[in-house]
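The structures come next, written out as structure tokens.
Common to both upcoming complexes is chain A, partnered first by chain B, then by chain C.
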Partner chain A sequence: MARALSPRRKLISTLAAWTVALIIFFPVLWMILTSFKTEPSAVAMPPQLFTADWTLENYAEVWARSDYPRFFWNSVVISVGSTLLGLVIAIPAAWAMAFVPGKKTKDLLMWMLSTKMMPAVAVMIPLYLLFQRLGLIDTKFGLVIALMLMNLPIIIWMLYTYFKEIPGEILEASRMDGATLWGEIIYVLTPMALPGIASTMLLNIILAWNEAFWTIVLTTTKAAPLSAFIASFSAPQGLFYAKLSAASAMAILPILILGWFSQKQLVRGLTFGAVK
Partner chain B sequence: MGKIQLTKVRKSFGEVDVIPGIDLTIEDGEFVVFVGPSGCGKSTLLRLIAGLEDTTSGVIDIDGKDATNLPPAKRGLAMVFQSYALYPHMTVRKNIAFPLKMAGMDQAEQEKRVERAAKVLNLSNYLDRRPGQLSGGQRQRVAIGRAIVREPAAFLFDEPLSNLDAALRVGMRQEISELHQSLKTTMIYVTHDQVEAMTMADKIVVLNAGRIEQVGAPLELYNHPKNLFVAGFIGSPKMNFIEGAEAAKHSAHTIGIRPEHITVGDGPWEGVVGLSEHLGSDSFLKVAVDGIGTLTVRAPGEIHAHHGDRVRLAPAGKVHRFDANGLAI
Partner chain C sequence: MTKTLRALLGATALATLAGVASAETTITVATVNNGDMVRMQGLMDDFNAKHPDIKVEWVTLEENVLRQNVTTDIATGGGQYDVITIGTYEVPIWGKQGWLESLNDLPAEYDVDDLLPAIRGGLTVDGNLYAAPFYGESSMVMYRKDLMEAAGLTMPDAPTWADIEKAAAAMTDKSKEQYGICLRGKAGWGENMAFLTAMSNSFGARWFDEKWVPQFDQPEWKATLDTYLKLMNEYGPPGASNNGFNENLTLFQQGKCGMWIDATVAASFVTGKDSTVADKVGFALAPDNGLGKRGNWLWAWSLAVPSSSDAKDAAKVFIDWATNKDYLALVASKEGWANVPPGTRTSLYSNEEYAKVPFAKMTIDSINSADPNAPTVKPVPYVGVQFVAIPEFQGLGTTVGEIFSAALAGQKTADEALAEAQAAVTDEMKAAGYIQ
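Showing the complex of A and B:
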């Protein structure tokens, strides 16, 4: 039964939720407002939330000074590519862990997750050298591989959780019905886990899109995605906050739109299994 | 054809021997029921035959061919699961056609077989629905439909009726029996419900702790149980067991009398009624008999005996005799 809230408590809860949401959102709001300011008013002291001289000049200049479409396209290829490749590897892996677990499956899952706790900088030099030897520096393919490997533990964990929810008897039924292992995965498991797979895909596209460390370390110009595009505006001439904000706004806008339209699916996917 | 032969089939999970070694022959066209209490290994045995579990040792022959190491799909068997195990994202039509699609059958033949199965099972009007839009009984029919389109050598049923309500269960029981009569295909049916076993089976296999206690026709098990376990398991309410002096009179360690083989009114035993249940067609009494213990009595029609009444009872049917090891004498 749903817990009934008194109007007073409801009001307090709503206010608290809005406060937390605004605190989280404030830096993004500040950045968007700054992107419409002139450089002098962006660095004015004391800081002003609003200004009288709104301008679109920053956007125009950022657009003119750099090849935004190329960065955007690189981001799309890298984030979608690494996620799809990750799914191709993770679906069979999660199937094995969920339906034919061995004695060490739990340990393996924990170990995979533990790699996410390792600071990325610790493996920067070896990975950089490896990529250099293989000729993968500043290639989209190289970044797809790198980001796929970074996010693979999360993809496997999420899929494992969704697959655990699927009754084993249904897969056994498909085996009795003559499905091969791949038939079972393609015709039965994947369609049944589709909501979970979709959430995993969305979340990982967002994670890969926002990844800044490896995308900056492993690229120079050709394969650089939007994270490198933002970084390029904090370059030699010094910090131009208004332009930097405009570049940042342009970089996060696509993923913000994707997130907005898929928020229902994301929330449903992330709470799948927790509430049945 | 659908003759299945098990030779010394053993299954252990780690150190635990779930099935220590079973020999059993199931003839072509037979309706065989595996029955036994929870955890007796009956579902495991069915899964071994299906190929969903690997045998630890022993041989499973299907139609004279060694199928021990064949994958489930290659054994030519179809299975109906307790939870129906339908594919929730497919329509009834696609569910039923799935095994045909996996076998690579052409579309027209698939359609023909699905339509025929749907007609037999009264599902023609539901072919474009999804399992979620069907009642429990209809879902069970879809699961059976998916099994019959393959024209398997044998059907395996794993407690298929336990998720249905009582009224539906009786109806489905009859439908499965009728299906067996029309298809004449071997059926192996697992249940813990001895009423299902008695009403459906040609042959009952009573299992206990992974061992076969007795194999036989339903009435053979009812009339001639080999041991105390079978005597107690087959028949409802269960057989009364009496030890001591009363058993010694029959030169046995234990005697067994079925509740329906005791009459109320006159007789050598006297006791107090503890519990009385009146169903109209039958009356069930629990009577604490002096010097013997509590006996269950099933009397036809209405009996005017209630809690606290003193009644006299007499054995009026077969008295089953067992030795100290629990084996029938």
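Showing the complex of A and C:
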């Protein structure tokens, strides 16, 4: 049984947790604050916090200069689409690896993960040519496929870990009751692994939302998501940090809200099976 | 003719007309995010009114990402872009590769002879104009008139490096965080090496001799680097090895630099509303050493049509609109003469209204004093003032830039840096087959 913490230790732990959280969140906070400053105030040295000239002008200009709703919608379609498609492929794959493992299952899992260690730029030209021949450049469908492929190893790994926690006897019992293979996966396994599937889904939506290499390389105008929207505000000559911050804030806000509301689910899923 | 037949013929004619009316060509324009480009996007109503049959879609990207995406697209014949924004570094290389469409057939009203000769020369390969300049720039000295006056000095219109050193020493007061000179120190072929390569030209140095043998072991490069390090170590701001264009702009705008030698386009920023020293800035040509070449560069952001485009005619119509004389007049009428894209046309500099812009004369004088086809005192086999127009230069420039930036940070001496640069560039040039 866990020992109860003394009030003093509890206070110290809370303070430590808040300090770490603030350090981690500080860059995002600073970016959001910068987005409300004027350009000279944004680059002032020493940095200004309480003496800054606050303004909403940056948001107005970013909104006026870009078709934000289109970029936003593309991000939603691409991140949700690639995650759902990934789950459709990953659930049966993870089921097979968790409940009917072969001699090489572990090797296969490691190999899949090793593809994530390859620098993306190494496969840029082959993938670009493939997409070009198939007419998938600058299409949302193409990006759904690309991001699904990028994140599939992670989805399979996470689901495999969750499925391993589910007693095989329950699945056996369902089989004895006459469940078919798909019935077993859809009606027995999936509901039991729902927290794990939900956290996998959330994490992959976040990964796909933040992806900024392929989404810029494989798009031009029609399918460009919010990562391309941010890139369009980066300037080599001239100080436009406040506008860049406003564009970045507009791009991360939806995913920040999603992460905030689903944090319990995320933490639960990510720590699933951590303590036995 | 029966009524039915007439009706059918009429319907067919209407359908044909409707088809023609809706035959809209869409072109994709890839560009960088800078003030002039943003301004152009804001003036698209004029283009749309004149060319309702052409729809323009924009892709705005960071400079290096744009370069990567456009290179990939052209090299693979993708045809994603119909108009691309490229610099003077890419035009000679891509033009030779056959990646760009010749713009020799632009209409006579475009008046190609009005383009500034230095800029036009940098965009022409074997007699073919491969890109139309949207704005051109050089580099010059921007200095604080008040600090010079307080020091009892006068900045010549065409200073020498000795003048610069004297002024830097006189204006430095580190106790007040006031530094005599701010120069680029951040590593990169378009960062510190743009400045140092241009500076080296005025010292008689060159990247390669006529046989592509690297020249960093020659006394001219030693003099260049020694002068640069002395200026920056004694009169420059702390942490200068991290400073690029934007960092130096901030320092100058906040009154911390006595001088800043950088792009002429910075003139509008240091005299603009965000600058605390806007009314105290003077301009002079980039310094020289009396050898016939000044330490200023030449760059133009230009519009080109990739050979992979499937809407080349519409793309040329757009380029004509965006870079002709009428466009300059359009910007002037909407935003004032100070906001007209500079450095492309001779006629702009004979315009009386434009002559009133404080940095106009120094900009054109700077541009005219740079020649990309004869950039150095001694002969060279390459084109380019602050770069060498060969595909390997991006990598080479960045490698040498990192070595020189480390020397500025005090991690190595000038001699060590030059020896390292010579070895690194020699290896690369051997691997690329330029030398044995």
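Side notes on the structure shown:
Assume the second predicted complex is superposed on the first by the 253 of 276 C-alpha atoms of A that agree within 3 Å, B and C clash if a C-alpha of one lies under 4 Å from a C-alpha of the other, contacts with A are read in each partner's own complex, and residues count from 1 in each chain.
We take it that a contact is a pair of C-beta atoms (placed from the backbone, for glycine too) under 8 Å apart; a residue touches a chain by one contact, two chains touch by 3 or more.
Keep in mind it's a predicted model, so treat the numbers as computed, not measured.
Annotation: superposed three-chain arrangement on chain A; chain B versus chain C shows no clash, the two fitting side by side. Touch counts on chain A: comparing chain C and chain B, the chain ahead is C. In the superposition on chain A, contact is made by A:V43 with chain C only, not with chain B.
In the superposed model, A:S174 makes contact with chain B only, not with chain C. Contact with chain B, but none with chain C, is seen for A:V188 once the two complexes are overlaid on the shared chain.
Contacts of A:E57 after superposition: neither chain B nor chain C is touched. Superposition on the shared chain A places chain B and chain C such that, viewed from the Cα centre of chain A, they span 160 degrees in steps of 10.
Smallest inter-chain Cα distance, chain B versus chain C, after superposition on the shared chain: 50 Å. Within the complex formed with chain B, the chain A residues making contact are 167, 169-170, 172-180, 183, 187-188, 191-192, 194. Residues of chain A that touch chain C in their complex: 39-40, 43-45, 65, 124-125, 128-129, 132, 137-138, 216-217, 220-221, 224, 228, 231-240.
Residue ranges of chain C in contact with chain A, taken from their complex: 28, 30, 32-35, 38, 41, 57-63, 65, 68-69, 72, 76, 78, 80-81, 190, 245-246, 249-250, 253-254, 263, 265-266, 269, 274.
The part of chain B that touches chain A in the complex is made up of residues 50, 52, 71-73, 77-79, 81-83, 85-89, 98-99, 102-103, 146, 150.
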